[in-house]
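Could you have a look at this structure, given as structure tokens, before my questions?
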Amino acid sequence: MKNSRLTHLDKDGKTKMVDVGDKKITSREAVASGTVKVSPEVIKLIVENKIGKGNVLEIAKIAGIMAAKKTKELIPLCHQINLTHIGLELEIDKLNKKINIQSFVKTKDRTGVEMEALTAVAVAGLTIYDMCKAVDKSMEIGEISLLVKKGGKSGTYVRK
Amino acid sequence: MKNSRLTHLDKDGKTKMVDVGDKKITSREAVASGTVKVSPEVIKLIVENKIGKGNVLEIAKIAGIMAAKKTKELIPLCHQINLTHIGLELEIDKLNKKINIQSFVKTKDRTGVEMEALTAVAVAGLTIYDMCKAVDKSMEIGEISLLVKKGGKSGTYVRK
Amino acid sequence: MKNSRLTHLDKDGKTKMVDVGDKKITSREAVASGTVKVSPEVIKLIVENKIGKGNVLEIAKIAGIMAAKKTKELIPLCHQINLTHIGLELEIDKLNKKINIQSFVKTKDRTGVEMEALTAVAVAGLTIYDMCKAVDKSMEIGEISLLVKKGGKSGTYVRK
Amino acid sequence: MKNSRLTHLDKDGKTKMVDVGDKKITSREAVASGTVKVSPEVIKLIVENKIGKGNVLEIAKIAGIMAAKKTKELIPLCHQINLTHIGLELEIDKLNKKINIQSFVKTKDRTGVEMEALTAVAVAGLTIYDMCKAVDKSMEIGEISLLVKKGGKSGTYVRK
Amino acid sequence: MKNSRLTHLDKDGKTKMVDVGDKKITSREAVASGTVKVSPEVIKLIVENKIGKGNVLEIAKIAGIMAAKKTKELIPLCHQINLTHIGLELEIDKLNKKINIQSFVKTKDRTGVEMEALTAVAVAGLTIYDMCKAVDKSMEIGEISLLVKKGGKSGTYVRK
Amino acid sequence: MKNSRLTHLDKDGKTKMVDVGDKKITSREAVASGTVKVSPEVIKLIVENKIGKGNVLEIAKIAGIMAAKKTKELIPLCHQINLTHIGLELEIDKLNKKINIQSFVKTKDRTGVEMEALTAVAVAGLTIYDMCKAVDKSMEIGEISLLVKKGGKSGTYVRK
């Protein structure tokens, strides 16, 4: 097991952005998900008030889409990639007192879009927190993980 | 229980940035935390290689600090606040196969800095994922929550 | 009538950001408005489809709020001001085939927020164009003007 | 007439960034225009003072070019496109008391650059307002519209 | 001589943004300067062509002013400061084949604006390079230093 | 010698972003360098304190990499280019009391990456200044120049 497997570190452990110039331009996709654990009070407020609900989830969705486009500014060693598609789905899971977030990101470029998908989920979650924090400060954003990654030399990854 | 408790929505459910003009300028602080669940292989790589380890955590820390300053650009209805202090602590928890992240944020302004603290944690976690994803794509970023909030009219909040 | 009235130009016509260091910190407000002229088809699509309508106007509103926070990055000689409130109202004017946009911006700072209010309106208008351009490319964004300005040494301005 | 014509909304009316991955990379151009109505006093100040004039229009031009590059950050569902050319022309129309703004934008990408051209015009107009607002607050930015769009499957559009 | 003098590193050498919350809000200023060494050909082109000259220096000036406002995004541990004034002077020094750049920055805040002044100079220099690089790639940007710093507990600094 | 050689100015001296649409997509590289002159005290602090040293240079490196990605936002007429690689090397030159900075930038695009390489060096230098300015305000950032440029119609440039 070699240090060089941490691909952002070069031979002497010096930080660099990986050189992807020799990678092929191919279709690449990533799906990520996460959750926000919310109190029953927050669930009730969002569900019963139709306008309110629409807004909380809608604003979180917009925030996630816009954040995916900012990934390269947030993650220091991330490459600049122009995305061809960003989608977010949010749903309220009353039973488990959670808001589920899922993102779908695509590009045709030399490197994958996992970070863009994960960033979209994280910022959508943070936005839900911001929208509802006056009611409940104990919300928890979590379970942020990569579900699927397609395209590129390393092939398809599906989370078990 | 009224909709108006969702303070970002006005009487008719229309989105707006809360008016904080009448709030007092006071010292405000927030502490947030989160974790990245990592595989034993990732732990080993980070722990054994001193330079590598320093870099992964160091870059995540820088990313978190810089992200705190970008909170207002990421969270649609967040106010613009100039922070007087941002600190991040990262530590490897071998036993539980986690990297623990904690952020400390301060300001002297009219509204709190919870979102800045949470954003710092989330982006530090995303950066760890980015640094190590060549080794392990199953990492999970989570448990992002507010530990402490001080200052302002609503007083001190401590997570139970 | 002196050139120095163009306050962004100094004595020799050299560009600079006006020095506002000696101005007082006071409450300052600005109200701006604008319109997007749309075809009957666009009106119909937005009005009849409740979800669609909510989204078009909602996304434009979010875009406007976020743009107000970016004013200092867009307008070269604009000061950096932290806003205490940003609100946007959008309404469909069927009779005149327009979408009316109005913004309300506040701060407690040394200089006014006219540019922030105008920028919010302009970007909300651009976003409406983006959302509907697949249906109609002939939309026109216009009538962007300052309605009211309050606070500061120059006092209250109300558009006639 | 179907809702799906509002291409940013998917089947269930949920917001998303349109998937352009299957579109061809072609040369695409857009020309947009707009105006700033100004008082005779502003016209006089700009016209008579050569340095001043140069600066007001020059700074507006730079602001417009830089804003075109920021379009993806301003318009929530806009794709990230790297432009190959951005040009702006500004001229004073004494007779009609207007400053005319025209933008020319090009790319070789999968989707059009209408929004980039319109954003350049809008921000150039806002900058003129900012430069001259100490003299006249009644200026009006308007008539922002797409003149020509070339390239892509939908072909050429010319405003009537 | 203690490590703690490197104020961005805490006791254990861990990176953090210095806590300035207890510092007083006072008037603070900084003056910085730098140069771009250019070939005689570049000097000639800029000097003889009046329009061209105006533009090269004008665009560099605008770029410097806008960069000062972005300092907090560029320098990882820099505080967010809202500047009350930014000015830049550029002059051609034919004899020494240089373009001299000087910046003047002010704020009323808890920490100094040295970095903002230095960033303005550096980015103005980079912009001159960009404007003229088709003619001469051997230009050198340098001598970027702090001339004066006023305000705050540490008092006035004047470069010898 | 023609004005048109200043390629950012069109025939009438009007500012524009050069049209690179007809240039070929090729591999392009740039190497730039610069220095920060530091006092013996700063050298000593950085060299003797291993953690401290690691951090100062590490943070400067991260700052340089992130700045390279922001070049298009800083330099008004710079094209938007997605880089495939960014690397920075920093070393302490005790003898000459300097920190040497070198950047390596690559892309596959229609125009060169000189500005990205130079911007990375300049911002790394500014960051070193920021990290050490509590100890020494007389540091000087300089000698920022292009060492090598490869790719594109104009071929290879090597600084003499």
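By written order: A, B, C, D, E and F. Residues from 1 in each chain.
We adopt the following convention: a residue touches a chain if its C-beta (ideal position, glycine included) is under 8 Å from a C-beta of that chain, and two chains touch if they have at least 3 such contacts.
Here the structure is a predicted model, which means the values were calculated and not measured.
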item	value
Rotation angle superposing chain A onto its copy chain F by C-alpha atoms, nearest 5 degrees	120
Which listed pair, A-F, C-D or D-E, duplicates the contacts of A-D in over half of its pairs	A-F
Gap in Å, rounded to a whole number, between the CA centres of chain E and chain B	31
Between chain F and chain E, distance of the C-alpha-averaged centres to the nearest whole Å	15
Residue numbers of chain F (touch at least two other chains)	15, 55, 58-59, 62, 66, 70, 73, 76-77, 82
All chain pairs that touch each other	A-B, A-C, A-D, A-F, B-C, B-E, B-F, C-D, C-E, D-E, D-F, E-F
Residue ranges of chain A in contact with chain B within the complex	1, 3, 5-9, 12-13, 15, 34, 41, 44-45, 49, 51-52, 55-56, 59, 62-63, 66-67, 70, 73-78, 114-115, 118-119, 122-123, 125-127, 129-135, 137-146, 149, 157, 159-160
Residue ranges of chain F in contact with chain B within the complex	54-55, 58-59, 62, 66
Sites on chain A touched by chain D in the complex	27, 58, 61-62, 65-66, 69-70, 82-89, 106-108
Complex interface listing, chain E residues touching chain B	10, 14-21, 72-73, 76-77, 79-82, 109-110
